[in-house]
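Paired with subunit B in one complex and with subunit C in the other, subunit A is shared by the two complexes that follow.
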Partner chain A sequence: MNSISLKNIRYKYPLTDHYALDGVSFDFEEGKFYGIIGPNGSGKSTICNLMKGLIPSFYLGDLEGTVEVQGKPVDEWEPEKLCTKVGYIFQNPFTQISGIRDTVFEEIAIGLENLGIDKEQMIQKAEEITKRIGIYDLIEKNPNELSGGQRQRVAFASILAMDTDIYVIDEPTSQLDPDGTESVFKIIRSLKEQKKTVILVEHKIELMAKYADEIIVLKDGKIIKSGPAREVLSDYDLVNKKVAVPQTVLFGHEMERAGKSLGKLPITIDEAEVCVRERMRGEQL
Partner chain B sequence: MNSKEKFINSFRNAKLHGNFILDLNPFTKLNCAFAIFLGAALLGHYWTRLAVIIICYVINALSGKENFKRFVKLYSFVAFLFFFFLIGLNTCFRPGETLYWEWGIIGITKEGFFYGLSMALLINEICGSIMSFYMVTPMKDIMYSVERLGAPRAASYIMLASMQSIIDLGKSANTIMESQSARGVETSGNLKTRAKAFVPILFPLFLGAIAGTEEKTVAMETRAFSANRKPTHMYELRKTPALEKVFCVFLDLVVIISVVWRFLP
Partner chain C sequence: MSIELQHVHFRYPDGTLANEDLNLVIHEGERIAIVGQNGAGKTTAVKLMNGLHKPTEGEVIINGINTRNKSTAQISGMVGYVFQNPDDQIFKNTVRDEVEFWSRYNKLDEKEIQSRAEWAAKLCDIEKYLDINPYEIPYSTKKFVSIAAVLTARNPYLILDEPTAGQDVAGVECLSKLLHYMEQDGKSVITITHDMEFVADNFKRVVVMAHGHIIADGTPAEIFAEESILSEAKIKKPQICELSTRLGLGNIMKIETLVNKL
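For the complex of A and B:
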């Protein structure tokens, strides 16, 4: 079954006269890890807002086409049911903390409280999640006094507590330092291991190459390329269109142009290492 | 059990603050605050009003050292200001029969002094009760009780979140001022230089706060704030002991009877 389907989406934000998304169709399959890349303003966040039903319920504007979550149009979902299907984490760690709880432990439980979950269950869930994603040490801290990286992990924990099947994650590390980025990626990795459907918008293309099963490239509100990560990232056309690709891919292209092909295009550092090692052995023979 | 386990376990039972005043139900506290200050205001004697002010100090003292310190610091200052100005102005400017001394428009009268005293006592008594209520009742306790009564979560969210956003605004103002001063902008000194440094940051400060609200709404939306269900609570207060309810009724009766008694012809 498809987790989320976008069907012929065209969308204009209120008071704007250009389409933020212009004819987007895509089926996100269950259990896969999708990466969405593309330049700023290409519509990545808009897609995320659509999948959560925030367009058109929160952001008005002109919307054509339909968004389906698990086969059902997003506007037919009751908000409280949708919250347990699609979890949304975004860029700014500071706006994702509620500001109404004074310990991390209670912060994580808010979503569950709103859903009317029994107290003992909430306590166990919050405990389990904080342990799982490595913020157990923070449970007594005031979430309003944490660093950006810590807050982002608390935001993750709060969404993980809702136990959703689909995670829509919009540039979660763009405001974090390297340590914060690493710990957030650990969480994302664990989602992949649990076979959750993950839709990740991320500029750090090297990380995308490592984790994504499929990559979607957006530009000016249109999908200009999509498919298995390797296939998409190897496309030289992306370089022409000024879409960032991993350094190792550029390196591969360069080697090819110099007539010293690596055999295949490496999309991660690890692959590049293997390619180069084999290549050098070949040279020595 | 280590400290983290203890902390988690503490949610399994009703939360107790470990002090009998703090542990009173928020509505009990509210009831007492109102009964006492309304009673004293209506009875109108100097002594009942003074007694209320003293009771406020006593209650805060009983509620813990830290609380008491904060209360004394804050309230004593406010109370002093009211006493000073209300008594001062009334004594000097309020016309009256018994004139002690006169100079131009200033006329010190006995009636003026007592009128000012009565007014200052009244205002301080009201301030004291309200302040004491907030001192001995954590905001989250108030919100919990109000939600239990059936108030919508959105309402309590707005209350609590605005308190937090005031704190956050202060913090970001500080951050901006610090970086301004690191850039060489004069941020300390007399009032004028400070205002000169502060006023230009107000616009970006509030703009930033407003820009954040949209995202915050979205973030809270993803955490089921629009769910149409009766929420549960991880943080719970104890059930109100019967004795507390009895006490409230008793206090209310005493106040009502004394007021009625006084106004009876």
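For the complex of A and C:
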């Protein structure tokens, strides 16, 4: 079964006259890790808002087409049921954090509390998640007094606590250092191992290349390319379209131009290292 | 003319020691990157440079003036600070009002107000958003609104706190252009960033922070060659540098250099 299906979506935000999404159709299969990339303003966050039903229930505007979550149109889901299926981590942790809870612990428990989960279970869950995300030592702190990077991890933890089938994650690492970023990607990969469906919007293309199964490229509200990560990211045409590609792809392209082709455009450092070593070995023979 | 930190310590009211014995001189016109983990004390350190924080111990001297004896408003005339979170900074109803705020507050004449706003908007590539409410534009673009607003003060020193966060290819290019322009104009830009490719491409001087201390100060090539610094500050080499190291070719920063070596 598809986790989420977008069918001929066209959407305009209120009081705007251009389509933020213009003819988007895509089936997100269960248990896969999808990366959505593309320039800012290409419609990435708009897709996230659709999957959670925030469009059209919160943002209004003109929506054509349908969004299905687990085979059922999103507007037929009761909001309190939908939020146990789709977890949405906002782009900006400063907006996501409720602001009405005094400790990180309470912030993380807020969703569970709203679902009426038993207190002991709630405490256990919040402890487990904070340890997994590496913020256990922050649980007594006020979420509104944390650094940007810390808040981003709290926002992430509060959604993981909901244990949904599908995670829609909008730039979860924008405020994080490289180490924190990689640890978030590892957590996301572990979600995949638990057969969760992950849809991630992210600019850090090197990590997308390393971790995502499939990549979708959006530009001007349209999907301009999609498929397995290696196939999509090694398309040099993306560079001309101002879509970020890994530096190793640019390197592979420059090698080709210098008449030193690596045979393919490597999308990760590991791949690039293997390609270069093979080429060097070939030259020695 | 310079920003000088002399044995600066900073302790938050809750007792957390965020900066310990910082010593740093940034000359007017100099461009530096500050890197390091979340919680390393980077934002605290730059807030000391524009008077938002006053040192608990030690002295911060800006162009010969000790920040201890001045208000933040007085210091901010010399050092402009663009907040990490644009929502902490932006408060007007249109981008234009936001970008004109400093000039109006300081009672510049109408022609000068217009000319500074247009100049800053052009430099930050936000001209098409001028009549829009800042809260209706994407987060990454909002960052440029907050930069443009500070630019209009034309301070000799500008601090950018994580401007690369969430930026796409065009956004990063715009920041590079801005850094270049400021250098031509003799202005100093101090940039906090986690994007090491951006650092390698745009900076000759990098200050590395960890656990509230400055642990290194040098060129990107020097910094990325020191494994102990990288692991202490938990920073990663840019991809090309990492690849060239693995291939036993040292720390190469530029793609073309690596291609030529192979």
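To be clear about the criterion, the second predicted complex is superposed on the first by the 270 of 285 C-alpha atoms of A that agree within 3 Å, B and C clash if a C-alpha of one lies under 4 Å from a C-alpha of the other, contacts with A are read in each partner's own complex, and residues count from 1 in each chain.
FYI, contacts are C-beta pairs under 8 Å (C-beta built on N, C-alpha and C of every residue); 3 or more make two chains touch, one makes a residue touch a chain.
These figures come from a predicted structure and were not determined experimentally.
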In the superposed model on subunit A, is it clash or fit for subunit B and subunit C? clash
Scan A:Q194 for contacts with subunit B and subunit C and give back first, second, both or neither. neither
With the two complexes superposed on chain A, say which partner A:N142 touches: subunit B (first), subunit C (second), both, or neither. neither
After the superposition on A, what does A:N92 contact: first (subunit B), second (subunit C), both or neither? both
Once chain A of both complexes is superposed, is A:D118 in touch with subunit B (first), subunit C (second), both, or neither? first
Tell me which partner A:N8 touches in the superposition: subunit B (first), subunit C (second), both or neither. neither
Touching A:S158 in the superposition: subunit B (first), subunit C (second), both, neither? first
A:P246 contacts which: subunit B (first), subunit C (second), both, neither? second
Considering only touches as defined above, state whether A:S25 meets subunit B (first), subunit C (second), both or neither. neither
Overlap of the subunit B and subunit C footprints on subunit A, listed as residue numbers: 92, 94-95
In the complex formed with subunit C, which residues of subunit A make contact? 38-41, 45, 91-92, 94-95, 147-150, 171, 174-181, 203, 206, 242-244, 246-248, 250-251, 254-255, 258, 260, 269, 272-273, 276-277, 279-280
Contacts from subunit A onto subunit B in the complex sit at residues 49, 52, 54, 58, 78-80, 83-84, 87-88, 90, 92, 94-96, 98-102, 105-106, 109-120, 122-123, 126-127, 136-137, 139-140, 144, 155, 158-159, 162
Using the touch definition up top, name the residues of subunit B that touch subunit A in the complex. 4, 7-8, 11-12, 140, 143, 153, 156-157, 160-161, 164-165, 167-168, 212, 215-236
Subunit C to subunit A touching residues, read off their complex: 36-39, 43, 84-85, 87, 138-141, 162, 165-171, 194, 196-197, 234-236, 238-240, 242-243, 246-247, 255-256, 258-260, 262
